[in-house]
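Each of the next two complexes has subunit A plus one more chain, namely subunit B in the first and subunit C in the second.
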Partner chain A sequence: MSDRLSVLKTYKLYVGGKFPRSESGRVYEVTDTEGGWLANAPLASRKDARDAVVAARKAFGGWSGATAYNRGQILYRVAEMLQGRREQFAAEVAAAEGVSPAAAAAQVDAAVDRWVWYAGWSDKVAQIAGSANPVAGPYFNLSSPEPTGVVAVLAPQESSFLGLVSVLAPVIVTGNTAVVVAAERAPLPALSLAEVLATSDLPGGVVNLLSGRTAELAAPLAAHQDVNALDLTGAGAELATELETAAADNLKRVLRPRAADWTADPGTERLLAFLETKTVWHPMGV
Partner chain B sequence: MPTTVPAYGKEAAGRLAAMADVTASDGALRRFLHGLPGVDAVGLQARAATLGTRSIKTSAKAYAIDLAISMIDLTTLEGADTPGKVRALCAKGVHPDPTDRTTPKVAAICVYPDMVATAKEALAGSGIHVASVATAFPAGRAALPVKLADTRDAVAAGADEIDMVIDRGAFLSGRYLAVFEEIKAVKEACARPDGSAAHLKVIFETGELETYDNVRRVSWLAMLAGADFIKTSTGKVAVNATPPVTLLMLEAVRDFRAATGVQVGVKPAGGIRTTKDAIKYLVMVNETLGEEWLTADWFRFGASSLLNDLLMQRQKLSTGRYSGPDYVTVD
Partner chain C sequence: MTFDYAPAPESRSVVDLAPSYGLFIDGEFTEGAGGGLRKTVSPATEEVLAEYTQGTADDVDRAVGAARKAFEKWSALPGAERAKYLFRIARIIQERSRELAVLETLDNGKPIRESRDADLPLVAAHFFYHAGWADKLGHAGFGPDPKPLGVAGQIIPWNFPLLMLAWKVAPALACGNTVVLKPAETTPLSALFFADICRQAGLPKGVVNIVTGDGSTGAALAGHPGIDKVAFTGSTEVGKAIARTVAGTDKKLTLELGGKAANIVFDDAPLDQAVEGIVNGIFFNQGHVCCAGSRLLVQESVQDELLDALKRRMATLRVGDPLDKNTDIGAINSAEQLARITELADAGEAEGAERWSPACELPGSGYWFAPTLFTGVTQAHRVAREEIFGPVLSVLTFRTPQEAVAKANNTPYGLSAGIWTEKSSRMLWMASKLRAGVIWSNTFNKFDPASPFGGYKESGFGREGGRHGLEAYLDV
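Up next is the complex of A and B:
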């Protein structure tokens, strides 16, 4: 019997529901923690970042306009697909982070649970963040949370999958669309997550995943006039300051990096960070 | 090669008269048009694709963007057009980017005939032309007297340019002389009482002409009939301007000038939405016809959304950060 050559996967970006290579044609080597080669990942350029923002903007109208119930269903579907690929993600996380298979499997399970937890928030966040305000006049005065728009997310560097899910799910569940820069040294679980998203009824462009140098991709995203918010979780302190300065130009919402324990109960902070409050006055008609 | 004269000049008529033998009868015109060499479709597409690969960056790109803006026929051709919308479009044509007054103005505003007066008033003193579609645009299915009246109305209302559509039904059924005579009649209807005339653009609707050979034939037909500009499409059908078709028309214009010395303009319209596309067309013009055609007098883009993309690219070049649709107008 002849030895079979296994087929290697070409990891690609995920932009606008498609899987393109980097516009620049560049790739970089992704290694495990020992320095052993795992795969070549695309080294995205600023033009890929630009294309991703265009795709995210295009998807925003449909995604933010979908009913909260529908968004929740789609996110729940993503969790179902993740569950089916549990072994693949566990293997990728174990290779990327150098943890034991059991610890990696626990992380993947936690990530699936987290996704389901956030999916449940889709039609509940308005009850928490919205309000009926008492006013001195014959009006109903209602405040409701609205999605901010296109959010650029720098995924955490140290937690390639659980951390990624923990920053991505709260952004999109409320109706934002996202451009995510995956962990620089461990982008493979993120690029595989794209395959899950693509097969889960999630409209193309709602999530766009880029792999490459975080600093190189974050700079154009932070300065981009059509990005509405910036999650700096994956940026180091110095880079974060630089990016926040660039983001101030068009008054982006910025979530600063902070120490995080991704296994802990996340709370609603990340959900509420990328919302705008819309308040309407409505005559009572009496 | 004969000396070059513009298609709208006085000498052009004399040059065309020298070609009168080929347009003397339906049979002669048919023999001439079918005697034109056939188009190598694969070669044409390959040439158009090759010209689309040029890399135009930095200062050349800045020049190309400004040139493209100055060549736009900013167009609104909707049933729902209102005088207010036309005025807003005119204001945008004069100052495409209000935050940067170094932005060039567009070449013309293109509207339906009943909006010409409104546009003319809004553009007074700006130097921007008013172009009007006419002759039962976009189908062209009306009797000749109706088409001529449509044209005269638009000219009387102040149109500087008339965009007519040819009778595709007559062309496709082989009645070439009927198409020829119709273009001539509309050209005469473009004349103003003071002896000047509105420039005539002839729209072929290449998406309905089926073959490249037909596009070459209709290009010659229109130029022989006195077209000042030849234009690809109305923007109202599924297939609009494509690079190969535009390249073919540019080549026809080049050959026509070589034969008669008459310079004719080209206007691709419909489907050109991005800066990248526009620059590809400019490269094609430069490589096929040369610099003489790289002005708004001889090359135009029929477009509406293209302008916003050009402005966003312009802002990117001047500020270094990517712009977005929030920073240009919604038309």
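Up next is the complex of A and C:
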């Protein structure tokens, strides 16, 4: 066995359910924490980011219109697929983050559990975020949450996989579609997650994954007129201010970066951050 | 036989206006640091009602300081005690509602029928509703012991001056915040009267501060480093500027901005009711309503019948003295707003839409605009795209529900929408497809403190009212 040459993987982007290279033809070297070469990852361009937004918008109607039960099952399917590739992801996380094999495996286990946790939220979030409103008049009045639309997500830089899953799952479980910029220095676990998503019945375009320079990709996403919300988790303070300013142009909903412990109970904050509340009035009478 | 209306003016004598007003900071009226005064006029007569103070950045700073000082004790009060202050305020507003209604009509130009029957009852209801939340916040779904944010900077518009104050102040105080409120430049008076209500209620000093002035005062407030929260209701343009100001800070932001709502009438709708809803949707408050139903989408098969009925109804609208109890449409709030409405209506004609207004005599002084209908409007016309914020309705048509949805959603705004149909499955399907925060089905322009209000897309973010509205004033 030892003299057999292993087959290396060509890491690619994930856009609209397909695995393209960057339209720019660019790649960058991804290394482990010691500086050893791991792979060449696509260095996505502004055009790739815009293409990803188009794919995400195209997928929004179908995904947001799917039943909550259906979305929940698909997220659970993601957990199933990930479980089957546990060893692969543990190795990739260990290489990317320089942690021990045991610590990396624990992160992958936590990520699987996170998909399961969020899967269960799909058909419950409306029950905790909605309300029947007792207005002073003969009206039926109901408020329910709806997905905000296309959400651009800057994945955390320091947690290449558990952090990524922790920001992605709450965005899509409610019916949003996502354009995700993977951790700049450690994009490989994210790019491999695309292979899991592609085999989990998740419609193409619901999740679009880009690797490259966060600042380069975030700028066109923050300024994009067809992006509805922006998760700035992976942006440093200065970049975050710049992006939030650009996001004001079409009043994107912005989740500002804040320190996070990705192993902690995630709570409902991220789930609720990318929802709109719709209130419907209807008269009652005979 | 025709029936004529005799004049039925509401008496102005219930309102005792001072010649000049200072700023309400730390529980008392004080002079502004800059010494500048502005005049507020009655838009119906152009009569100067009173002078008020142009608040400066120094004044804002002083008000924020007072609010910060008051925050410590106010936020530490048991919720039940805060509740009692708010209940007191609600009751005093009810007691003084006639006075406040007349005042609002004088300063804003809206018909007394609306300030008396819509604005004031909702103002009192808003305080009463939020009073009850103050000691129940742990049950609101934001954790067992949610904390207030601190000092809230609140900037409100001129279309519902006292009601917008209530939407801002009531939840802020219930959640334990203190506030600095900047009323609109053309309608400062009811907020200044509210200061007196705070005094009567015994509200601790500095909990509510009111700094009057123009846009520069508002900008100083939104940009002040000592506030923890900015709440703004007004134009999308200013809302975006505030969002840029707040970017990169820890300030929480909620925005309730413009709209271009579709009011969609299907061929099976009860047309007489729909006509009433259309009229209410666009002519309520002279159309100075962010959620106004300014685009009528009518199914082609009933277009002629509906428009005939609508024109007949519009011909009965009474435009004139806002203090007359029979008036339906009052004065446009300011010369500036009148110019904007006039410009957009002229653009409608220039771009080829057909303009129609009923014969109606407008008063000689003051700011007035006749109720106006545009037919033959396409989606590219400015009157179909831009918020006019006046009594101007643009009529477009559709054939299928899918087309109605596509046209209704074809706007950067997303505040409200109306649906008129007797078929409930179609109503619910439409309601689910429309990208707007409030959907009125077989009704329009209904408001209630228990019902969350706010928009999608460029109509802003955050909700006001209901359990949802509390989030804007809690550290969650």
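Rule of thumb we're sticking to: the second predicted complex is superposed on the first by the 282 of 286 C-alpha atoms of A that agree within 3 Å, B and C clash if a C-alpha of one lies under 4 Å from a C-alpha of the other, contacts with A are read in each partner's own complex, and residues count from 1 in each chain.
As a convention for this text, a contact is a pair of C-beta atoms (placed from the backbone, for glycine too) under 8 Å apart; a residue touches a chain by one contact, two chains touch by 3 or more.
Predicted model only: the values in this text are computed from it and were never measured.
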Touched partner set for A:57, first subunit B, second subunit C, both or neither: first
Residue contacts with subunit A in the superposition, subunit B compared against subunit C: C
Contacts of A:87 with subunit B and subunit C, given as first, second, both or neither: neither
Partner chain(s) touched by A:249 [first = subunit B, second = subunit C, both, neither]: both
First (subunit B), second (subunit C), both or neither touched by A:223: first
Partner chain(s) touched by A:113 [first = subunit B, second = subunit C, both, neither]: neither
Contacts of A:237 with subunit B and subunit C, given as first, second, both or neither: second
Subunit A positions touched by subunit B in one structure and by subunit C in the second: 249
Of all residues in subunit B, those that touch subunit A in their complex: 315, 320-327
Subunit C contact footprint on subunit A (complex, rising order): 128, 131, 133-137, 139, 141, 143, 148, 228, 237, 240-241, 244-245, 247-251, 253-254, 269, 276-283
Subunit C - residues contacting subunit A, complex: 125, 141, 236, 239-241, 243-244, 247-248, 255, 257, 412, 427, 431, 436-443, 446, 448, 450-454, 456-458, 460-461, 463, 466-468, 476
Subunit A to subunit B touching residues, read off their complex: 50, 53, 57, 220, 223-227, 246, 249
